[in-house]
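A, B, C, D and E label the chains in the order they appear, each numbered from 1.
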Amino acid sequence: MDALLFMIFAAVAVVCGVNLVLQTHPISSALSLVGVMAALAALYLLLGGEFIAAAQLVVYAGAIMVLFIFVIMLLNAGTERKIHKASWAKYAGVPLLVAFLGLVALLVQRIAPPSENVVFGEFRKGTAQEIGRALFTTYLLPFEVTSVLILIAILGAIVLARKEID
Amino acid sequence: MTLLDAVIFLPLLGFFALLIAPASVSRLGALAISLLVFVASLGLIGKVTGAADGYTFVNSTPWITYPPIRYHVGLDGLSLWLLILTTLLTPIAVLVSWKHIDHRVKAFYAFLILLEFGLIGVFVSLDLFLFYVFWEVSLVPMYFLIGIWGHDRRIYATVKFFLYTFAGSVLMLGAIIYLYNLAGTFDYTGILEQLRSGRIMLSDRAEMVMFLAFFLAFAIKVPLFPLHTWLPDAHVEAPTAGSIMLASVMLKMGTYGLVRFCLPLFPQAAHTSAPWIAALAIVGIIYGALVAMVQPNMKKLVAYSSVSHLGFVVLGVFSFTQAGLDGAVYQMLNHGISTGALFLLVGYLYERRHSLEISAYGGVATPAPNLSAVFLITTLASIGLPALNNFVGEYLVLQGASQAHFSWVVFAAVGVILSACYMLWLYQRAFFGRASESLSHHMPDLSGREWAAVLPLLILMFWMGVYSQSFMPAISAQNAQILGQTNRTAVASRHPVVKEVANAR
Amino acid sequence: MPANAFPTSVEYFRALPEIVLTLAGVLIMFLEAVLRDDQKKIFGFLTIVGLGAALGAAISAGGDPGGAFHNMLVVDGFATFFRVLVIGVGLLAVFASIEYLERERANTGEYYALILFSIVGQSIMVTANELIMVFIGLEISSIASYVLAGYLRDDARNNESALKYFLLGSFATAFLLYGVAWIYGLTGSTNLFQIRQSLASPGAPPVVLTGMAAALMLVGFGFKVSAAPFQVWAPDVYQGAPAPVSGFLSVGPKAAAFGILVRVFMTAFGPIAARWEPIVWVVALATMIVGNFAALQQSNIKRMLAYSSIAHAGYVLVAVAANSEVGSAAVMFYLAAYALTNFGAFAVVTHIARKGEKRVGIDDFAGLAQRQPAMAAMLTIFLLSLIGVPLTGGFFGKFYIFKAALDSNLVWLTVLGLLNSAVAAYYYLRILVVMYMREPAKLGEASTEALAEASVPAGAALQFAVYASAVGTLLLGIFPGWVLDAANRAALK
Amino acid sequence: MQLWLIPLLPLAGFALNGLFGRRLSKTAVNMIACGSVLLSFLWVLKTLSSLGVFSGGNALEEAYREHYFTWIRSGLLNIGVDFAIDRLTAIMLMIVTGVGFLIHVYGVGYMAHEGGYARFFAYLNLFMFFMLILVLGANFLLLFVGWEGVGLCSYLLIGFYFLEKFATDAANKAFIVNRIGDFGFSLAVFLIVIHFGTLDFATVFDKVKGMPVESSAGWMTAIALLLLLGACGKSAQIPLYVWLPDAMAGPTPVSALIHAATMVTAGVYMVARSSQIFLHAAGALNVVALVGLATAFFAATIGLTQNDIKKVYAYSTVSQLGYMFLGLGTGAFSAGIFHVMTHAFFKALLFLGAGSVIHACSGEQDLRKMGGLRKYTPITMWTLACATLAISGFPGLSGAASKDLILEAAYDHAPWMYWVGVFTAGMTAFYVTRAFCLTFFGEYRGEAQSPHGHGAHDDHGHGTPHESPAVMWLPLAILAVLSLVGGHIDIPKFLDPMFPLNEGGAAWLEYVATAAGLGGIALAFFFYVVVPSIPESLARTFSGPYRWLYNKYFVDELYDSLVVSPTVDGSRSLLWRTMDAGGIDGLVNGTGKTARAIGAMLRRLQSGSIRSYAAWVVLGSILMIIFAGFAGGAK
Amino acid sequence: MPPLPIPAAAPLSWYLMLSAVLFTLGVAGFLFRRNIITVFMSIELMLNAVNLSFITFSYQLKQVDGHIFSFFVMVVAAAEAAVGLAIILTVFKNRQTLEIDELNSLKN
């Protein structure tokens, strides 16, 4: 059952991912990215990450992607124009990717005991309170520091985009 | 704080003083400083020559705690005269530039004095690190002297000069560090002691590698054929003062390094590679002379002649005989005096005629008899006429070399013939014959200032040629020590000193 | 669940520098909103005060080393050294920026705030003992850097530089993260000490896998320190960014990145050194070569300095490859010397470039020795230091690095590095040649105001930055003891 | 005993004239120049007499030496400035100072109207100084000092008219050719130090005495031959004689003093001085004889055809020097030295006479433009006659005495050498007589009005030839007397303790030689006075050989095309342009170019395109993963 | 009906492989897409892939830390998004284009 679910969502994720790469219009790319994220959220759930799954949907799909789409609209970016700029990435890209994927796959093969299966509900640490406790004890400092990160992001956005906004 | 320290740091202070002082007083200031240093340096002679061997005026104060780098300086017979040579030639260089340098005067004299600082430091450092520091420091002012006040292709020349020497010295730095990692100290005497006592052992390969690293740096400075091509350019483009300091003192840094470091530190490697080096030296002697013979440009001619002369020095050093080494060191001084004088006189000619082409001259003897007389004496000195300084050095070098390998001198002595060829030919073309109208117009005889600059050198030519004993004992004593350190590990069979003793009986 | 759920005061004390800096940044942002424009002059001063306070805090925090916040960060000599370094760089950057901002009529508040925050990020990086902290610190400093690089948002060069920096930076960060993920999966922890323990333990995960993961992280760090083949972004970014920012980026974040690189690889990945040492060996060599050789033919001085900074990263990597106590000390000393020297050079460039950075060609330095002898002299000092001429910090830096390398028997790397430094001499000399030995040909027929502009004296603050760097460079060259002892004491054991 | 005074007096003269000469009056210069030499001559006499030389007996059989100071000391090598005086030195001293003084005096007259008057005498004094060092020096290196010094002075004096290219060329030639000789000399010195550990004459020769005669060629032979090479340079022997004829470019007194009487005999002196070494190297000694004989013969043949009076005498000098070497080579050292002395007398006289003639003809040196001078310059003619007879070996005159001794020794050594020598003697007699006749007999062939004399360097041009002033002919007279009676000073006996003389051979040897001489004289007289048309017809009939002789066997041209121009051109085109500028420096600059090329290549990788940058990152990460995962640990 | 030939549960390695594939896809997007925004989105994709790995490992190790880490990654992603888009805006304002290949005025 789990396996079936995994396959479905994995398939969705991969298809959307491929679509993201293939689409020439940013909007469709963005939408397929949303698809990926949704699928991933489901997989998180399978892995027992309730909180993360929710965050995934809220933060990513909800907030970030909306921002993206907003900007795309703002700049009403159209489909990519075909400009022939010979960048060696275009030719070397595929082999590079294959090589990279191959290596990582090898890594995966070596690392994870195929025997161990993911059983839904076996992992209970992913709940909100577990994460909350961790955040406010062990990971207090990073959590606080993140505020600086957010602050700086806001600041940066203002600095750079002020004209457009006001 | 010894007198030596004063001699070392006076130029540095002078440098800053010149920077601060207004440009109007730069000339006089530089002259005063350099003369002061010279007088002070004369005070060093007595004590050093008094001491049989070992170092005098030693000052060893910690500079950097870790790694232990000390400000360790000292004088011995080997370094003394080179130091005096430096301090003597600096005021002369100042005098020579008096009229010749007319723009950015302040900077010029500042750099000149800074150069003196670096050069003095090189000759007195007894800490390898300190030595390297001074070695590089002396490079910078010369770079500017050539680059700013040189002739047309000065930039090419000066960059070439800097890169050539820098490339050589970085490898030396590597070797120095390696030595430090072995010995745990940069102190020259300390390392020497450890090598002698066998507390640190170098594998033959390691020794050879480090020897070559040092040797390359020095050989480039000397310059030893085929690493000499920076020299003609640098000399031709440099201002007179620059040429003088370059030829008379800077080149000696290389030969000094060979004697001071290469031989005692890496005796086995030195002996192993001696035949090859001697071969290069001999090739340099003949090659330099032949190429000098066909140069249309005076400075180039003198530059190539330096290649030839310094070939003798290297040959003497690597003969590992007392005579050869004494001759080599003595020849360093001689070359400093006579070639310095040659560049100085060429500079005089240039100031008058604004050309370095020999063809632009001819018949100078008629309008300027004194100048030509002085030039003639210098010429004779540089071709090694007896009773003039070079003869003593060349004789000893060849004598020593002949004791090591007679076949060496059979070739090397050819250089003596050739030197006569190119110098006399130069003299004939430049000074003999009928002077053209324009030439005799622009060819006043020596002025008082010019006399003042050249006279000390003339006197020294005769003095060093006739009564070498004023200088030689100190040198000999030191060389004997160095030879002892060098030949200890050398195989007895090719042990020239032994042979010399045998001959004596 | 650790006993002390709530941090103690000493822990806050150990984090004080970051706190101080953050507060200063926030204060400035607040004032930016409320103050009138003519009152905003004080920002520069404010920033300096904040940095000074942070400096004091960092030093005093170094007084009693130890971990804090569940060992999220650890304050040891190493961390303190780098904290002081990055804060010092920040000070210089501020001094160098004041005049520039006025000249470019950019608003100052955010700028200083960004500088402050990016320093927060850097100092978090270097104190981090936990990959999460490393990551967040890295991001803080990076994001700030992205913004700073594009600070003059109407300047096309700024935009491009910012975009490139941002995209490639995030790209590389993704690799870093992936590596972290693997390390986490393999060792079950993100704490550096625990990682080390698990790698050293008998039941350690297969070294092949950890090596690969380490390699992935090296990609991220290598990008930040602009090591080949990840150096590609540096020239474009440094050339495009505002001159003082370029100076700041080329030393501050880079120093921090090196700090954390050394800490992660020498402590956490110490047990698998055999895996990454060869990589670093190769990378170091490649970086030196790429930097030095590509710099040979640059005509834009900012870009040339960018390449040179790549080359210097290569030298530092040599010390990293040495992977020894001496090596880490060498890294620290070199970064200190390099920071002063390189930033000083950029400061001079900032001054010469004039409004809109029109005068950044090497030819624009022609005859500088006559027009602005002091500036020329200072730049000479910096260049000589970059070449590695004795009595300058750069020389001692190189010296210690190659000493460390030879200690670890990296003979060939040393030889090649030394030869590289000889090659490098060539392009530094070119600037000296232009400054001292060329007459200002372009100014010859240029208009009088161009001449006037070319010989405007530098403002007090900028001059202070330049002279301070120069003095520091010389001090490190003549009396390196004080910094070197600190570095040796702080070296990672 | 203050031997040092002997050389130092001329040196002082040099210093005074050299430094202040231009500000001094002519008389003052004369006083200084001649005075200093005269004083040193007198001091020589005083020294010798106080050493009891003139009181006969066995004075000076042991060398008397003085040590002044150490010149060079290095390790075990210790070379002092020592003067030593023995019988050989005594003779040389007498010749040098005596003849030298006469020539100085003569110079006063000859140079009276020349520019650079003070310079001339300064150089002359300097020459005296070095020449005296040469003969007084008590070790090889000091000898070498004088050796080089006289070379320098000859350089300066040959190039005295430095406005003329030919003069300075000749000067350079002289110096450089001598350098080639010195090359050998110095190598010999090195060998001597290697094998004897010292350069002091006494020590070295004592050691040699103890050694066996070297039959096969060993290091002793090597030393001897190298010394010989040096001697060949200085004494103008084959193959290094080429400089001497050109050296006539100098003023005539110079030719007389340096290139006839004294300097050129230095080689002979040196060989005689190191006789011990030569005696212990039989092969080398033989070579000396051969070289001498060959030189004597060929120089004489060349002399037959020369038309420049000074050239004639120059070649005769070369030839006479050959005789001396023949003497040395055949073991008759004393004969050689004897000939040195007599030759000094008559050859100096010949040159001074020639000078006087040239002076008379206001600078004309071509025999074809002279003639019939006997009515204008009687004194010159008579003195020259004495010299001519003396050199031709007229019985009883100085030349005959020494030459016959040499020839006898040659006969003992190898009869064929004797015959060649005799033939040469005949030729000698022929060409000196020829010169004499062409000068003084027949009609004056020079143009009556020569604008000015002595080439370009004389301000008193006047038509008809005229006798020289007393200051010039007095020395001539004295030398004439000497060359008449000089043969009766029994040098061989005086030198006997040093060079034991093998008792003279059969009497007929003398007669044959004398006959040859007289025959030569007669033939020349017949050719050039009685039937002046013969020479031209001969030259026409034997035009081939004549041209060879007239052009001195084309030796100069040979050397030039074989040695000089290849060296120069090779150095210029091959070494400098090709190797130095092209090869080595090209390599250096090439390195720089390569570096920049690499740089350009690396720059192009920096395409500015973000995607390619990303590709770099990916590539790098792949490589790293591979390296870390699989090639890892390969350190 | 016979049971489908699929295991009851998916092994960990599948999850990791998926994350690897997604990461690679992200890289692919970066390399091949020419629209800056799309390129930026590819980065987001890569980050998501990394998150998946974290969560998976966290499951394997039975630890919460992985979740925390991915949480921080999200935050960072958000921050990056804000700044990145701002940068893109300025670029667009200056150049009126989002073609990534047209941004190569700085090179060599």
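Everything that follows uses one rule, which is that contacts are C-beta pairs under 8 Å (C-beta built on N, C-alpha and C of every residue); 3 or more make two chains touch, one makes a residue touch a chain.
Only a predicted model underlies this, so the values are computations on that prediction, with no experimental measurement involved.
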| item | value |
| --- | --- |
| If a chain touches chain A and chain E alike, it appears here | C, D |
| Chain separated most widely from chain D, comparing mean CA positions | A |
| Farthest-lying chain, centroid of Cα atoms versus that of chain B | A |
| Maximum inter-chain contact count - chain pair | A-E |
| Rounded Å distance, chain C centre to chain E centre (Cα mean) | 28 |
| Rounded Å distance between chain B and chain C, as computed from the means of their C-alpha atoms | 43 |
| Distance from chain B to chain A - Cα centre to Cα centre, in angstrom | 71 |
| Where chain A and chain C are represented by their mean Cα positions, the distance between them in whole Å | 31 |
| Residues of chain D engaged with two or more neighbouring chains | 592, 603, 606-612, 614-615, 618-619, 621, 625, 629 |
| Junction residues of chain A, two or more chains touched | 85, 87, 89-90, 93, 96-97, 100, 103, 107, 111, 139, 142, 146, 149, 152-153, 156, 159-160, 163 |
| For chain C, residues contacting two or more additional chains | 132, 136, 139, 143, 146-147, 150, 153, 162-164, 167, 171, 182, 185, 208-209, 212, 235-236, 426 |
| Which pairs of chains touch, using the document's own definition | A-C, A-D, A-E, B-C, B-D, C-D, C-E, D-E |
| Chain C - residues contacting chain D, complex | 163-164, 167-168, 171-172, 175, 207-209, 211-212, 214-216, 218-219, 222-223, 228-230, 232-233, 235-236, 274-279, 281-282, 290, 293-298, 423, 426 |
| Touching residues (chain side chain C, partner chain B) in the complex | 384, 387, 389-391, 395, 399, 402-403, 406-407, 411, 414-415, 418-419, 421-422, 425-426, 429-430, 432-433, 436-437, 479-481, 484-485, 488 |
| Sites on chain A touched by chain E in the complex | 1-4, 6-7, 10, 13-14, 17-18, 20-21, 23-24, 26, 29-30, 33, 36-37, 40, 43-44, 47-49, 51-52, 55-56, 59-60, 63-64, 67-68, 71-72, 74-75, 77, 80-81, 83, 85, 87, 89-90, 93, 96-97, 100-101, 104-105, 107-109, 111-120, 123, 125-126, 130-131, 134-135, 139, 142, 146, 149-150, 152-154, 156-157, 159-161, 163-164 |
| Partner chain A, residues of chain C touching it in the complex | 1-2, 5, 7, 15, 18, 22, 25-26, 29, 68-70, 72-73, 110, 113-114, 117-118, 120-121, 124, 130, 132-133, 136-137, 139-140, 143-144, 146-147, 150-151, 153, 162, 182, 185-186, 205-206, 208-209, 212-213 |
| Contact set on chain A toward chain D in their complex | 85, 87-90, 92-93, 96-97, 99-100, 103, 106 |
